[in-house]
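Next up is a structure, given as structure tokens.
Note that the chains take the letters A, B, C, D and E in the order they are written out, and that residue 1 is the start of every chain.
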Amino acid sequence: MTPTARNAAEAPAGHRTASRSGLHARASRSLVVLPGRAPVSTTPKVSLNDICLTYGVNTKGRLIALDHINLHVQPGEFLCIVGPSGCGKSTLLHLVAGLHRQTTGEVLIDGKAAQGTGTDRILIFQELGLFPWLTVQQNVEFGLRMAGVSKAERESKAADYLRLVHLHQFRDNYIHQLSGGMRQRVALARALATEPDVLLMDEPFAALDAQTRDLLHDELERIWAETGRTIIFVTHNVREAVRLGDRVVLLTFRPGKVKREYHVDLPRPRHLEDVPVATAAREILGELREEINKSLEAEYGNETNR
Amino acid sequence: MKRTARYVLFYSVLIAAWVILAKLKVWPPYIFPTPWGVGEALWAGFADHSFWIAIAVSMKRMLIGYGLSVVFGMILGLGIANSKFLEETVGGLLVSLQSLPSICWLPIAVLWFGLTEKAILFVVVMGSLLSVTISMETGRKQLPKIYSMAGRNLGAGGFQLLLHVTLPASLPYIVTGLKQGWAFAWRSLISGEMIFVSLGLGQLLMMGRDLNDMSQVIAVMILIIALGYIVDGLVFKTVEKRLQERWGLAPAS
Amino acid sequence: GQQTTIRVGAFPNITHPQAMIGKANGWFEKAMGPQVKIDWKTFNAGPSAIETLFAGALDMTYIGPNPAINGYVRSTGEALRTIAGATSGGAALVVRQDAGITNIDDFHGKRIASPQMGNTQDVALRAWLRAHGMKTTDKGGDVQVIPVANPDQLTLFLKKQLDAAWAPEPWASRLVHEANGRVFLDERSLWPQGQFVTAQLVVSTKFLNEHPDLVKTWLRAHVELTNWINSHLPEAKNMLNAQIRKETGKSLPGEVLDDSFGRLEVTYDPLKSAFLKAAQSAFDAGFLGRQMPDLSSMYDLKLLNEVLAEKGKKVIQ
Amino acid sequence: MKRTARYVLFYSVLIAAWVILAKLKVWPPYIFPTPWGVGEALWAGFADHSFWIAIAVSMKRMLIGYGLSVVFGMILGLGIANSKFLEETVGGLLVSLQSLPSICWLPIAVLWFGLTEKAILFVVVMGSLLSVTISMETGRKQLPKIYSMAGRNLGAGGFQLLLHVTLPASLPYIVTGLKQGWAFAWRSLISGEMIFVSLGLGQLLMMGRDLNDMSQVIAVMILIIALGYIVDGLVFKTVEKRLQERWGLAPAS
Amino acid sequence: MTPTARNAAEAPAGHRTASRSGLHARASRSLVVLPGRAPVSTTPKVSLNDICLTYGVNTKGRLIALDHINLHVQPGEFLCIVGPSGCGKSTLLHLVAGLHRQTTGEVLIDGKAAQGTGTDRILIFQELGLFPWLTVQQNVEFGLRMAGVSKAERESKAADYLRLVHLHQFRDNYIHQLSGGMRQRVALARALATEPDVLLMDEPFAALDAQTRDLLHDELERIWAETGRTIIFVTHNVREAVRLGDRVVLLTFRPGKVKREYHVDLPRPRHLEDVPVATAAREILGELREEINKSLEAEYGNETNR
């Protein structure tokens, strides 16, 4: 384990330490943006201020899903969120998308309190949420149709994005006629087609084979670079996070807190198989593993007999 | 081929059983009519055009009344499902209001509309409206959250969400509601046509009963069943089949 | 001793006074003796009573002439016999006060209600119109006859959607008292001695053949009760109203009861000739099929005449 | 608190509107009864126990008849959904058979059961049975394939699959069916109670109508509504709520 | 790319060539089992003989999902199937589970034609197929309940397997109250709890974070080694396939044919991050990539304008 993962208290804000792994870690709650990448004065595109969110579970009590989250995403930033299963990643994205209400704290979009959903923030759901009553093409066109885009434009856009995800041949299929990975790609195309300011992606490549995923990584990076969109990308694949992100945020087990952030300083284009990417990922993974082990011990400790 | 064979078999067995029962004279023919008696009644009815007219008149009423029920039932159902106020007030009463027999609406229909077609339509609508409403409301309530979340996320709000997400997603429920509504509408129509002599099938049925003419009663029953069968085959079955194809739902194994 | 049950039907209606009063004071129970159990069945409408009789679940019933004919005709004369009368009269043509009807010619272009297509009042109305040279709309004329249920007639009178109605009691009186109506014609004026059938006593053929003695005993009680009613009219009316109240939860207002009863006659005479004449009119109006049914053997008055003979009363033909 | 306030508000407004209409005397009280008239009818009915008896008698019939309908309706529905033969023969007739008004069953009921409770129950069952069947069948047909696949894969076959997978998975549909069936059962009960005078609420309603006693009609309507409301609250609402909680379905937003 | 991927015609049956990557590749349709692992005379646990399967898609025609598949799985074998998204992996598992009918060919279990489903073959669905009307524990107990296992035994087994997937604390939750990864683990526990002869796993770890996945890899391997079960494991992660499998079968794009098979001769226990695993995976990935590229070209070739 390299010593690049340090507390912000130790590392002065704005000060960067070059490291072998190309990572700059900062402890949670000290969200100083690195100079040169995005000036501090910019209003963050998305701000989560001291967010807590609890779920009521049956009658047994409440489950704290998110615990005092502070997170600021700059316009045009590619932020990746990693964390153990069930730590609150999806919940966090739902919150930003305006589909859930936080229990306390506030969500700001462009510095203004978020009011429910908005087409400026499109989410790719982990459960996909495709509409079974529409064909693949109609699914992809859905957002455009809601926005009142003309039929011709809708069709051409849908065709573009369907080609992007290699599903143009399947445009007239219904969802149940697709394989798992194909469905995931439809969801991707559907979200991309609306061309939102903020793209919220919840494990969008989890069901894809390595090759397709690689191709889509490239395409996503290209789109991001060309259009300057803000992307919040949830994944359980740390290497993917390092491959794509400007910054990687690591959430703790349960309740979900920001454990640590890493700035990924590797030059683009990067590739999953690049050695620096692998090295950086291994570093984060180590930290993550530590975290999970702690939590697992706590879980087993709770139980009497095994 | 096999399907047709089964049909033929089924109905042949039914009719054969009827013939045998009638031949055995377990019950006197004036209460258990013979197939040929009913056949005669049917023949006579069609020959003097009274059945044709009754079918035309009743179907017209059904289409208008049922059509109104479907439209307003859906609107009401969605309204209830979307408004806490409506839900808590009218919503709670839905099932009970739907339980009110048509006989309750007859005096009101006469009072408001007099002896007009509208009175009959009113009875039909009151009888079947809430059935569609109930299904619509349940459909809306039992909707998996993910659909409306995805819809809202993609920019559908208010009416658009309703039209493009809630409605199609509740379609499986709506189909049940439509079927039940159709049955309710028929039953109410028969009641409604009792208000005054108004040519329809309900009238014929009532006459048959008033005259204790079981052959006529059964002839009209057969007509109602046949009409229902046609509508079911043309409308409901088609919708269901498309639903199954699109959604990839379980076909009758 | 073995107990026999006799199942008797009746309507909670002033046209069935023998049944109502008999129930109220136990007249028939007393007459039939302890060996016979009377199982009263209350119906709302004639067709269901006939249906029940057809199905063998009813032995005897007080009923209007119309359902009785239907039952007789449908069963090709098998199922039932009329063995006595019950009431006569009790129907009137009521016009709305403000409909501007003062004489017969004023009915041109008017809307007249009857309770039900082809029933006694409907047939009477059509026959009466025809007799006065008026044609109904279905025959190309300008008088509209609208069969509509009695309760709705009241509403439609109030809504001024009907100009007149040929109604049985107590509806005729209720139209007068509650809906601004006026009696234009008492149906009794159209019949010899003012008598025509309103309700009669009908028995299932099977029961009649198996238990002629029971039927005879019943008839004896029926005749005696009829006489008692006629001689204790005020008391009988109160009893009748009380029984109706007991069975329907509502009694008739005093003036309606008095008016109705004024137009009604309680009699054990089945009024066969009036009945046959009414049936002929029904056939003429096209209500009894293509061929006039033979109603002559619908009556079985042997037992009634035996009872009357016992009592030294005039025998009925 | 707010809920109660809304309830109170809603019903107050309703009653106020009624009072005003009655005071204005747009229609004479014979046809548009006053609230106090209806109140009196209710009071009188309860005071002389006739309403209590009617409620007890009718509810007993409802519970038995409806209970039978639910059990047999489910069995029939599953049978139809699982057997190609039943599906093609009876299945196609379901909607049409359900459209037959209760009046068609009256003669058969009397023929088979005479003037007994059973005759009335028969009419109730015939009126509501198919409603449950239709929902059960639709529920079974609209079932996402994955559930039955998962069930079969885990070793559930035949009856077990039915009991542990098909039934719970169709529950959202069954609820609609039960609601509609309840309404159908009430309506049929009213018809059934017309066969002969048999104390129930249907009887009271018929009497009210036959006497054109609108106060009585409305009093009985109120009773039916109240009973439906209670049953809806106790049974259907509870089932729906549990469903929503368990399945994570969209609550009334 | 090492030349270890050879046609079976070249490599005599039973002859093993040691290779740097620990892989022994054989072209499809020559399924000779390596001596020493499982003798040729053993009746295969699962045999797919010349299987074809086509889907009717709308009215447009038919889609060939599986094309002349020949595959024999020995008792106690751990077989991994990899292939591009939409190549027919899930379809193949459904077929073995008895949930689909092949169009032509035959499926043999223990040498006998398979008759529908059977509790000897349990599938973890890609879509999970958890029952929303049951709690987590009831879901896990489902198979046992169907088998008529007593309540006490059911409960203890369910508890064991729920602990295995770290969800014992959530046993009373309903499915919708779980995160994506947690749901996947419930499906895993549900399948394991029935303790079948043949375990069919369709991307069972796709939604899990690296650490949980590692733990479950170990557990799955332990269970497999201890109980001698036959496992057919579908994944899009080639490294995972090499980590777990005795043999890795590579399917072609569309229609799905067996392109090549690899015998993984690396010693167990293996780890995802092991260098030999990575090397072997990279080799298979190369082959896979070639395959996908070919198919993608074909797909784009079909379309006129891009």
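A few remarks follow.
Following the convention adopted for this analysis, contacts are C-beta pairs under 8 Å (C-beta built on N, C-alpha and C of every residue); 3 or more make two chains touch, one makes a residue touch a chain.
Only a predicted model underlies this, so the values are computations on that prediction, with no experimental measurement involved.
The fewest steps needed to get from chain B to chain E, moving only between touching chains, is 2. Common neighbours of chain A and chain B, by the contact definition above: there are none.
Distance from the chain A centre to the chain E centre is 29 Å, each centre being the mean of its Cα atoms. Taking each chain's centre as the average of its CA atoms, chain C and chain E sit 85 Å apart.
Put simply, the C-alpha centre of chain B and that of chain C have 37 angstrom between them. Inter-chain centre distance (chain A to chain D, centres taken as mean C-alpha positions): 50 Å. Among the residues of chain E, those touching two or more other chains are numbered 127, 174, 176-177. For chain C, residues that reach two or more other chains under the stated contact definition are 51, 54-55, 151-152, 155.
Residue numbers of chain B whose C-beta contacts span two or more other chains: 31, 106-107, 111, 145, 209, 214, 247-248.
Contact between chains, as defined at the top, is found for A-B, A-E, B-C, B-D, C-D, D-E.
Taken in their complex, chain B has these residues touching chain D: 3, 6-7, 10, 27, 31-32, 81-82, 84-85, 87-89, 92-104, 106-107, 111, 130-131, 134-135, 138-145, 148, 172-173, 175-177, 179-180, 182-187, 190-191, 202, 205-206, 209, 214, 217, 221, 224-229, 231-233, 236-237, 240, 243-244, 247-253. By the touch criterion given at the top, residues 94, 97-99, 116-119, 121-123, 125, 127, 129-134, 142-143, 145-147, 174-177, 190, 194 of chain A touch chain B in their complex.
The touching residues of chain A, when paired with chain E in their complex, are 55, 57-58, 60, 82-86, 88-90, 126-127, 163, 166, 168-169, 172-174, 177-182, 185, 202-203, 206-213, 215, 236-238, 273, 282, 285, 288-289, 292-293, 296, 299-300, 302-303, 306.
Within the complex formed with chain C, the chain D residues making contact are 27-28, 30-31, 45, 48, 50, 106-107, 110-111, 114-115, 194-197, 204, 206-207, 209-213, 216.
Across the interface of their complex, chain D is touched by residues 7, 12, 41-45, 48, 51-52, 54-58, 150-152, 154-155, 158, 174, 178-179, 247-250 of chain C.
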